[in-house]
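The structure is given below, and queries will be raised subsequently.
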Amino acid sequence: MSIEAQFYIDRGDFSLDININIPSSGVTAIFGASGCGKTTLLRAIAGLEPDCQGSLTVGDEQWQSKHYSLPPHKRSIGYVFQEPSLFSHLNVQENLDYGRKRSHSSRSKISLKHTIQLLDLGHLLDRKPHQLSGGEQQRVAIARALAVSPAMLLLDEPLAALDMLRKQEILPYLDSLQKEFKIPLLYVSHSREEVAHLADYLILLDKGRIQATGSVTELFSRLDLPLAYGSKTETVITAKVIGYDKEFELNFLDFSSGYFSVIGKPLSLGSHTRLQILARDVSITLEHQSKTSILNIFPAIIDDMRNEGSAQITVRLMIGTMAILARITRKSASDLGLTIGLCVYAQVKTVALLS
Amino acid sequence: MLTENDVYALWITLKLASITTIILLIIGTPIAWWLAKSRWRYKFLIEAVIALPLVLPPTVLGFYLLIALGPHGPIGGMMQALGGQSLAFTFTGLVIGSVFYSMPFVIQPLQNAFYAMGTRPMEVAATLGASPLNRFFTIAIPLARSGFLTATVLGFAHTLGEFGVVLMIGGNIPGATQVISIAIYDHVEALEYTQAHWISGSLLLLSFFMLMMVYAFNRRFMVVRT
Amino acid sequence: DTIRIAVASNFSHAIKDIAHRFEVQTGHKVILIFGSSGKHYAQIINGAPFELFFSADTIRPSLLEKKGLIQDNSRFTYAIGQVVLWSPNHSLIDKTAQILHKASFRYLAVANPKLAPYGKAAQQILTQQGLWTTLRLRMVRGENIGQTFQFVKSGNAELGFVAFSQIKSPDKKIKGSYWKPDQALYDPIQQQAVLLKNNDLARAFLKYIKQDEALNIIRAYGYRTP
Amino acid sequence: MLTENDVYALWITLKLASITTIILLIIGTPIAWWLAKSRWRYKFLIEAVIALPLVLPPTVLGFYLLIALGPHGPIGGMMQALGGQSLAFTFTGLVIGSVFYSMPFVIQPLQNAFYAMGTRPMEVAATLGASPLNRFFTIAIPLARSGFLTATVLGFAHTLGEFGVVLMIGGNIPGATQVISIAIYDHVEALEYTQAHWISGSLLLLSFFMLMMVYAFNRRFMVVRT
Amino acid sequence: MSIEAQFYIDRGDFSLDININIPSSGVTAIFGASGCGKTTLLRAIAGLEPDCQGSLTVGDEQWQSKHYSLPPHKRSIGYVFQEPSLFSHLNVQENLDYGRKRSHSSRSKISLKHTIQLLDLGHLLDRKPHQLSGGEQQRVAIARALAVSPAMLLLDEPLAALDMLRKQEILPYLDSLQKEFKIPLLYVSHSREEVAHLADYLILLDKGRIQATGSVTELFSRLDLPLAYGSKTETVITAKVIGYDKEFELNFLDFSSGYFSVIGKPLSLGSHTRLQILARDVSITLEHQSKTSILNIFPAIIDDMRNEGSAQITVRLMIGTMAILARITRKSASDLGLTIGLCVYAQVKTVALLS
């Protein structure tokens, strides 16, 4: 089961012309520069672009074909628009109730109470939208879309107006919803961090065309995509939980060729989990070093090196069969005499648990 | 002092104004919605036609309506052919005339209000599972609230004060089609000024209270925009 | 039983009096519908439910007769109007109406000669005195005789040609000053009535209005009778 | 066919409607702005008062205006005390009456439009250095465009078809205060139906073209909202 | 010269009550949770809050006092609202011209042409606002505020809707404007990264009250503020340029007790510059290690350690007189036997140039 979309929208200066296959579970991030068509794509999926030609199949339902288009209100989606777009004549509670009352989804309901609590809306329920701050409005919009208990969530930069702490609360919540209720989640974001945290699958858009699609793990370690540049290049890998150190709150996570020690709450033994390793967090040494605060050190072979046309180079290291990226200065590379095929040690300062 | 006839005329007037306003809101709302949202090229023709009844003096408009409703007119003829009665000089005829004449005062404010609302709220409601009709009632109408208020006030008040059309097609029959505006007019014509002042005064006072209530009530439900 | 009578506005006081007595004597109900004769005419040819029509002139009744819309031979003159030059100012108008020649006023109110017989009479009077063209620019025209009276009464026009019936009523003294031109100066203002439907009560009313009791009332309101 | 008088009446009508509409827009705009933006508690009283002239039949309203303008009325008395002329039966008087009567049709749509605009655009303009007056003209008025369109159309058309008030305080002086609506009315009353049809037809056609142009033109400048 | 503000606004549930002194040059960031009053503060400075009591002095001009309030249009400010708020009846060019035409500032003008180019608006000038994407609208709003050539810039999350690449272009531009035209800049942001990049001075707001104010350098290394928590704790320090290695594009930057090697374009010798060091990028070793890709290694003394109640601890290290924060796992701390006063080596994997 998956979501198959083939859209064509012409607006003169801009046209959207895509043909994609989105996994119908997990989180799919849509990534791309301002004006590349992210919002347009979401609107087309929601059925809000009347001039959209093409077809759309969600699971075994045909939502759009050449001669037919399922009206938006029959598409079981929850849509968080780029602007909060609350109903100005309803207070927060009524806004939240609007979709919930109309939801006839047979699936188990997302608890509105829990959403309200998590998004910290309890004290705002009586307010009218104009009495809310920008971020508060955005939170209400998220809760309203969730309250529908939709079969698919479309989120257009839902966290842009929120502060870091709030984001750190909401991201895991969205992730858990997605897991618990098996709601596929389409997520527009400008933040690589959010994407890395949340997304399984990635769609890169550029000027209305698909530039690349694939799993986050795959795309984030490809050196030929713009994703690999900038200060935030990262690798995302999947590993299996094999143990836990209670005292220091460390999980031991096995990947094909070794294990990571990663801080955090105990994960269920045997489960698979996602890890993020920023290229900037990986340093390379020629000898194995001890007496260091860095816990994760692995022997590795240099697989590829790419000069970014600056003082830094990105090095792809193979730890067994697993590739990770390291970003180091050209000076270090030269001092250490790094070449493809050389055996080195990869020191990973920080490993982040993503899910 | 009000005579029995005057009281009856007031009652007919209120009935006429209420029914007319309700009918106007019912048929005006979809037309206004269509005018606000349609992208049809020749929409402006319809917009122009709707405002037309306004430019004719009411009595003259009434005259033409009378001809149309009369036994030799298209509508009246049709009615008779169908075995119905002529509509001229009946309350129904009055309602038809008033609806026709007050139409633009209802449609225009509604059209503006629907237009000012933009497309976004309806899109949001659609994604929240509301059917077109359902979102029209739960979103479009409440958001167009001030437009509805204006439409209702203008439509109702204009029908209250309406005169020429009603005089012509109603026939000014006391107890049946004589409305208060004609009653006042008759008193003025008959030089019964005191009587005319009394009725005018009552009508003004009544209207003032009604309007005041409407506006005061409205304050509480205003949709605030920023 | 009930009859409906369309009556020219200027005759309203007299006919109310007459109808009242008729109702008392016969126990039947008379509904009076006042308005301009032009409007009543248009309504009658479009099927208005009137049994009797008391016009302000002779033209409309004869037109109706020509069209065969009346009961045969029912047309008759029920009253003859008299035109007066009147001003609420007690000293403005002397016995020979010198003021017209002096033209020491700003506005002279006259009913529209085309529409109102009283206006036509005023026109004839003024033409004979050679004043019609010279005073033209000072004349304000009432749509009907009632409005002409209001122009004068409100003081906006200092004087005007009004119906004698408007200033004279059985129980009140005439206020202001007036000049009553000789009957010979203008064509008699015959007001005619016609029977529109073959209705016994209506015939009874016609019969009553031709009796002395009614004729006295008509005269008391400032009309002459044939 | 149109007589010379009719053509002249048409000209006066257009002049009256244009001047009235312009005056209404000039005085109505600040009132509407104030009504839309003020947070005064008793605003609803003013709102009710503005809609009041509507509920009186135009002729009756005209009657009261006539009394008010007359030498014994408050306005007329004041004018005389100031050494001015009476306003009744003058073009100025007509304009005053029309302005009074068409006021709500201009103020209400403007008020709604200003209200729907919200406060944000004006705030932004202020931070960009625009003075209150400047931003009113460059931001508020263009954004309230469709409100202005409605106000202008309703105000203009209503004055075109306006009748009762004008009839009363204008005095129907050909070439000075006779407007086209009265001319048609006169023809109808005088049973000159062909003439009435002709003028009505011309007026409708003219109005239709004017309205069509306005709406077609407006399409191009619509402010789009989402 | 400075900006002195003392405001009191009461809204029932929420009240703003502050008394601050903002430097009238450089960038001041306003930081705080959603709904804490950031927008309200900016609006009060712009004169848009009619119910605001208090006083405001900007330089030698009194903008508000007890009985007087300078009307907003006479305050020479450029304000980017939280929502783009473009004039819907004007196209982009006319939106941009609106403020510029009315600007009577005697100061040298910001070049609109340059702004348009930098914000990449050239191809959008004929469009109406509803034909723009969210990010495009935001860019126009920024350009419009700049076009006024104001004496002060108030920016309410101006970059929230923009992608990373775009942000990386605009941030330095805003910074250069501020330097070149001496325009003080008040900047609301939820992104610590943006703040660290751009801000000199920081105002922390919490529920309508000032929580802390101070230079970024100072506040970012204080362990008692919420800033020090979360995954992004960082230290900001000022250093002097003492040399450049052309081959490897490395700047040498002297701080009180050593020098950093930092990649980048050559900086002007002798100038002072700002560096950002994330606590997560600092590892601790007991011995000096060589043959590593990490260039910046310094002897240091442990000054303070703070347990965050999780598996990690934040360690304050003194390198001579300079404090930097390091974040390591409790396990490493225990393995290495770290205690206050211990001599260790601080390995700094990445140092970012901020200005």
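When the chains are written out, they are named A, B, C, D and E in that same order, and each has its own residue count from 1.
One rule holds in what follows: a residue touches a chain if its C-beta (ideal position, glycine included) is under 8 Å from a C-beta of that chain, and two chains touch if they have at least 3 such contacts.
These numbers were taken from a predicted model, which means no experiment stands behind them.
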> What chains touch chain A and also chain C?
Replying inline: B
> Which chain has its C-alpha centre farthest away from the C-alpha centre of chain E?
Replying inline: C
> When the centre of a chain is set as the mean of its C-alpha atoms, what distance in Å lies between chain D and chain E?
Replying inline: 56
>> Taking the mean of the CA coordinates per chain, how far is chain C from chain E in Å?
In response: 91
>> On a C-alpha centroid basis, what's the spacing between chain C and chain D, in Å?
In response: 35
> Measuring from the mean C-alpha position of chain A to the mean C-alpha position of chain D, what distance in angstrom results?
Replying inline: 60
> chain D: which residues touch two or more other chains?
Replying inline: 63, 120, 182, 185, 188, 225-226
>> If I count partner chains per residue in chain E, which residues reach a count of at least 2?
In response: 83
>> Two or more other chains touching the same residue: where does that happen in chain C?
In response: 39, 42, 147, 150
> Which of the chains are touching one another, listed as pairs?
Replying inline: A-B, A-E, B-C, B-D, C-D, D-E
> Which residues of chain A touch chain B in the complex?
Replying inline: 46-48, 71-73, 75-79, 81, 83, 85, 87-89, 98-99, 102-104, 128, 130, 144-145, 148
> Touching chain D in the complex: which residues of chain B?
Replying inline: 43-45, 47-49, 51-52, 54-61, 63-64, 104-105, 108-109, 111-113, 115-120, 146-147, 150, 153-154, 157-158, 160-164, 181-182, 184-185, 188, 196, 200, 203-204, 207-208, 211-212, 214-216, 218-219, 225-226
> Any idea which chain C residues touch chain D in the complex?
Replying inline: 36, 38-39, 41-42, 59-60, 63, 106-107, 109, 112, 114-115, 139-143, 147, 150-151, 154-157
>> Help me check something: in the complex, which residues belonging to chain A touch chain E?
In response: 13, 32-35, 39, 82-83, 123, 132-136, 138-139, 156-157, 160-168, 190-192, 226, 230-232, 245, 247-250, 261, 263-264, 280-281, 283-287, 289, 291-295, 310-312, 326, 328-334, 336, 347, 349-350, 352
> So in the complex, which bits of chain D are touching chain E?
Replying inline: 120-121, 123-132, 134-135, 138-139, 142-143, 145, 223-226
